[in-house]
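These notes open a run of structures that come right after.
Same chain, two partners: chain A is paired with chain B first, then with chain C.
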Partner chain A sequence: MRLPLNQDQRKGLVGAALLSVIVLAIVGTYALWGESYQARILYATFVNLLVVVGLQVFTGNANITGFSHAAFMGIAAYAAAICVTPAAMKLISLPDAPWGLNAFDLSPIVSAMIALAITGVLGLLTGLIVVRLSGVGVTIVSIAILVIVHSIFLHRTDIFKGNQALFGIPKVFGLPHITGLVIIAIFAARLFRESAIGLQLRACADDEAGARSMGVDVYRVRLIAWVLGTMFFATAGIAYAFFLGTISARPFYFNFVFLTVAMLILGGLRSVSGAVFGTLLISIGLEVVRWLETGPTLAGLKLPQMLGLSGLLLGVVIVAVMAFLPNGIMGNREIEDLFRRKTKGD
Partner chain B sequence: MLQTSSLKAFHGPIEAVHGIDISVAEGQCVTLLGPNGAGKTSTLSAITGTVRATGTIRLGGEDISRLPVEDRCRRGIAISPEGRRVFANLSVRDNLIMGGALQPDKAQLNREIEDWFTHFPVLGERHAQPAGTLSGGEQQMLAIARALLSKPRILLLDEPSLGLAPMIVAKIFEIVRDLKARGTTILLVEQNASAAIRVSDYVYVLNNGLISSHGAAANFGDGSDLMGELTGVHV
Partner chain C sequence: MDYAIQQTLNALSFGAEYALIALGLAIVFSIMGLVNFAHGEVVAFGGYSMVIVSTLLTNSPWILMAGVLIACVVASVALERVAFRTVRGADLTTGLLTAFGVSIILQNLFLLLGSPRPMAATQFIFLDKTLTFGSVRVSSLQIYETLATFVAIGILMTFLRKTTLGMAMRAASLDFEMVRLCGIRANRVIAGAFAISGLLAGLACIFIMARRGSVQPHMGFDPVLVAFVACVIGGFGSLPGAVLGGFLLGIAEVVVLVLLPQSAGGMAQAAVFTMVALVLIWRPDGILSPAREKGDKI
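Our next item is the complex of A and B:
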């Protein structure tokens, strides 16, 4: 017998639909009035959105901060890129590649599947270690994973080209693809949050011993969330490579980790809506800041160039949110809660 | 139903309980009385499996002393923990769903949760609120209902009256009496001797990790002497 969705899960579908409407409204606004250069900005925002929603799955529900997501995203991006790039192109871009990596090419779908599978296996192997650690342990091990993967990218130049760009990747994705992926990701993350496993994970975040004494297998639920999270990061990495056409190791490192974690913290890590709002707010904020950095003329006043302002402001956002809004903008609320009539005691 | 023999409980290297034998028969309410630091909570933690312990613990004849926490819950041990410890960020309803996490029939679980909402209307009114926003008495009711949703064979109640106003304490003991009348097997830990003795069949007094006396609840009178003995304050 198929179980009907419970109250929370029905609410979750409504919430995910509302968030999808916001995403579609943004795409619609761009389609009507946007300039073509903004397509790139919008695409990048949506890749970030995939990552931040994926972060919510583990970090948000388990309340354990991981920093390795950029590594998993990079692994998937490189795996997909190496599989999909035409062999003729790889003979130029990766002439010294071992194991015949430059002697074949696959369709984008198969390449994406392989990238997802490789990332999933690595997610499972790292997850088996990570879920047995305490909160701080996870943070440290996840940073170690990030550093290890990054140094492999940098030093195996025969496969990854290090700091140089790996070029010639077919540009098979556009805005419609990433929009579809973002909407699927929002529904998946929200339904996971409201699923039995998501609920058990959130209960462990509040009181691990208490949840265990109710029969919850803490390691199992954490492992499921960790591996599911890596699937979101992998999808983001694949979408990134399939759109840009060239990738390098640099973007899959601390700057990106810092940016996405700031987005999650600002929005509120306990809620999927928080992840979405945090990403959108910081993305918009950064565009404004980038414009300010160039030293524009405002109401007749010539502002000085302020390079590095964006990094500074990101730090300020994290500190300010931690100090004044420790649960982020959304706290425990999801988007549909904002529309609910306030009831007694709320 | 539940027997321990030479049960010792440890916090790190420190032995908090020095080998005690207690026994709870089916349908009984047995109380573990004692002052702060006597080892009452440590005893319950040893039974649920959250602290290191030696000795044997039998549930319905089966030795469960080597089982991990989750499996003891599956065998039928549920606890309403000290200080209530509800899942503060989860809604009242989600707390109850967690209590029934092991129940496979979710429709049945839902009906039982609705039953609790009729039983404790105050929880029903607040079903969507985070449990952390409830008052102490409401959280205690929630913790008890949550523990019972796992359909335990024995309910461990750790100081349900702790930090509550006298009127609320009376209400909580009314709930305990009501549970007992419905046939629930209860191991109660308390400092409120007189109220606990009134709902109990059998009493163990724990002092410095050892049982200093035990007997049928009737032998302890109204408990006022006992309180004086335990706390050193004679009124």
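Our next item is the complex of A and C:
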């Protein structure tokens, strides 16, 4: 019988399964020995993981840096939040919302579907523009998207509450949900990378003219990856809103963008395993540094309070990786390549 | 009529500030293909140098201005030496992300060593007076800013056309290898570009400080974002493009502020960025993008 997947795709399944084992091991460790405040940190890490894996889909495979992911995440988070919050609560939190936005409520699943659909349509519309631009053009348009969406969040306080919190969202998600989503995301991103479209996209990144001459429809494959990426960001946004129960515009802006981009490039743009490892490493590093920032007492020595240390570390990681490890930790390798013995010609 | 003059001057002075910073980005980009996002932190560093010099040394505004210019040049050249030399010749994304990293590091250093809150530095505020010509009232700062920008652009043009280093820099933007083969030191050309970029940042810093009267860690980010946009609109790597883009953005911002109702003031930035996106769809490489030929450096 002929298997439906080729060799690389089967390798991809193994790799994704290995990554899922790592994710499950982390959750298991938490379940056995973790403290309850760590659930929040773990959840935030997994939301970041969803975003970074989604970034890998477009930025990694196409090797074009986009900065608009925080905007799509925000759109989905707000869309889901506005749909799912009970009408009685919305009369308090959004008293002057237009178009009867505060007069209905939907089940979490329908809300999530609507949020995904809205983000997907916006992703498609922006994608039609973005895929036609060259390197810096994509970066600037993605920054433009980020700034436009952020100013709309800030300005339309009647719908989005601006810098104030939009509260009263039912907390329907917990650690099990996000773990499931992360594992699905890892499999999806890995299978996309190994699929025909993913391969074509990586070929475009290496040599656009060459790929074109081999019959690759560059715009089409970039558009598919862009829209697929926005779906990951939307999922992350929905998961964020459904867990925290309150959202504001502030987290969906440049700081978050830098954080996630740093995670991606530390691990290595080109591989899904790199995205996962980068996220986990930076998350752990940041937790340690945040603890140092508060000025703890270490071996009898009272350290001073140092605001800005975590940001400093993030910048140092980006610069050091770019200078000494331009391909990140993983480079072009995936997790299963680490276990394979090197054969001749490899 | 008064209103029209006032708004024209607004547009010119906004544009001048954006053009100054955009030129600093463009001159570095044209030579080494680096989008220097840390440029805004050079501006912020100029502001902090004011605080340092005025506490340690003197409050004389003229010495402080010289101090700001020197500090910005030194900071800019030092950044090249420490951070950007390692990524010279790397692809665009690598350079862009390195610059972002440097910018984050500097912002957080300002935060750690300075203060998260704005620090007062009001020595340049005297530049901002209200002048009255007949019935027209204008700000002197806006006039100085516009004039200084035109003078700076004039001097820069003379420098690029008449001096050996200037000509080498123009040649380097077309073909760096060839310039090196002609016996010009690569390091000197690049350091020159960063020094000029720092000088322009220092000039912009003086005017920004005269308007704000305080310095804070993140103050460089918004101007450099706008300048980046100006460069992209004008055509990245083109110096006239950067100036054009800067002034176009200044005009666009004032037009949007005048046309939009007061209540929608917060949407000005969104409107400007929407226009930018539209310009890019029309001309993906910018309005004055240099003609690209095979073998040209981007």
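To be clear about the criterion, the second predicted complex is superposed on the first by the 341 of 346 C-alpha atoms of A that agree within 3 Å, B and C clash if a C-alpha of one lies under 4 Å from a C-alpha of the other, contacts with A are read in each partner's own complex, and residues count from 1 in each chain.
The definition used in the following text is that a contact is a pair of C-beta atoms (placed from the backbone, for glycine too) under 8 Å apart; a residue touches a chain by one contact, two chains touch by 3 or more.
These numbers come from a predicted model, not from an experiment.
Participant: Tell me the contact category for A:Ile41 with respect to chain B and chain C: first, second, both or neither.
Facilitator: Neither: A:Ile41 stays clear of chain B and chain C.
Participant: In the superposed arrangement, does A:Asn332 touch chain B (first), chain C (second), both or neither?
Facilitator: The first partner, chain B, only.
Participant: Go through the superposed model and pick first if A:Arg202 touches only chain B, second if only chain C, both, or neither.
Facilitator: Only chain B is touched by A:Arg202; chain C is not.
Participant: Now for A:Asn6: first (chain B), second (chain C), both, or neither, which partner does it touch?
Facilitator: After superposition on chain A, A:Asn6 lies in contact with chain B alone.
Participant: For the three-chain arrangement built by superposition, which of chain B and chain C touches the greater number of chain A residues?
Facilitator: The partner that reaches more residues of chain A in the superposed model: C.
Participant: When the two structures are overlaid on chain A, which partner does A:Arg212 contact: first (chain B), second (chain C), both, or neither?
Facilitator: first
Participant: Looking at A:Thr65, would you say it contacts chain B, chain C, both, or neither? Reply first, second, both or neither.
Facilitator: second
Participant: Touching A:Val14, do we find chain B (first), chain C (second), both, or neither?
Facilitator: neither
Participant: Chain A touches which residues of chain B in the complex?
Facilitator: On the chain B side, the touching residues are 48-50, 69-70, 72-74, 77-79, 81, 85, 87-91, 93-95, 97-99, 101-102, 106-107, 110, 125-126, 128-130, 133, 146, 150.
Participant: Flag every residue of chain C that touches chain A in the complex, lowest number first.
Facilitator: Touch residues, chain C against chain A: 35, 83, 86-87, 90, 92-94, 96-98, 100-109, 111-112, 116, 217, 221, 225, 228-229, 232, 236, 264, 266-267, 269-270, 273-274, 276-277, 280-281, 284-285.
Participant: Could you list, by residue number, the parts of chain A that touch chain C in their complex?
Facilitator: On the chain A side, the touching residues are 63-65, 129, 132-137, 139-141, 143-145, 147-148, 151-152, 154-155, 254, 258, 261-262, 265, 306-309, 311-312, 314-319, 322-324, 326.
Participant: Show which residues of chain A lie in contact with chain B when the two form their complex.
Facilitator: Within the complex, chain A contacts chain B at residues 3-4, 6-8, 196, 199-200, 202-203, 205-207, 209-217, 270, 332, 343-346.
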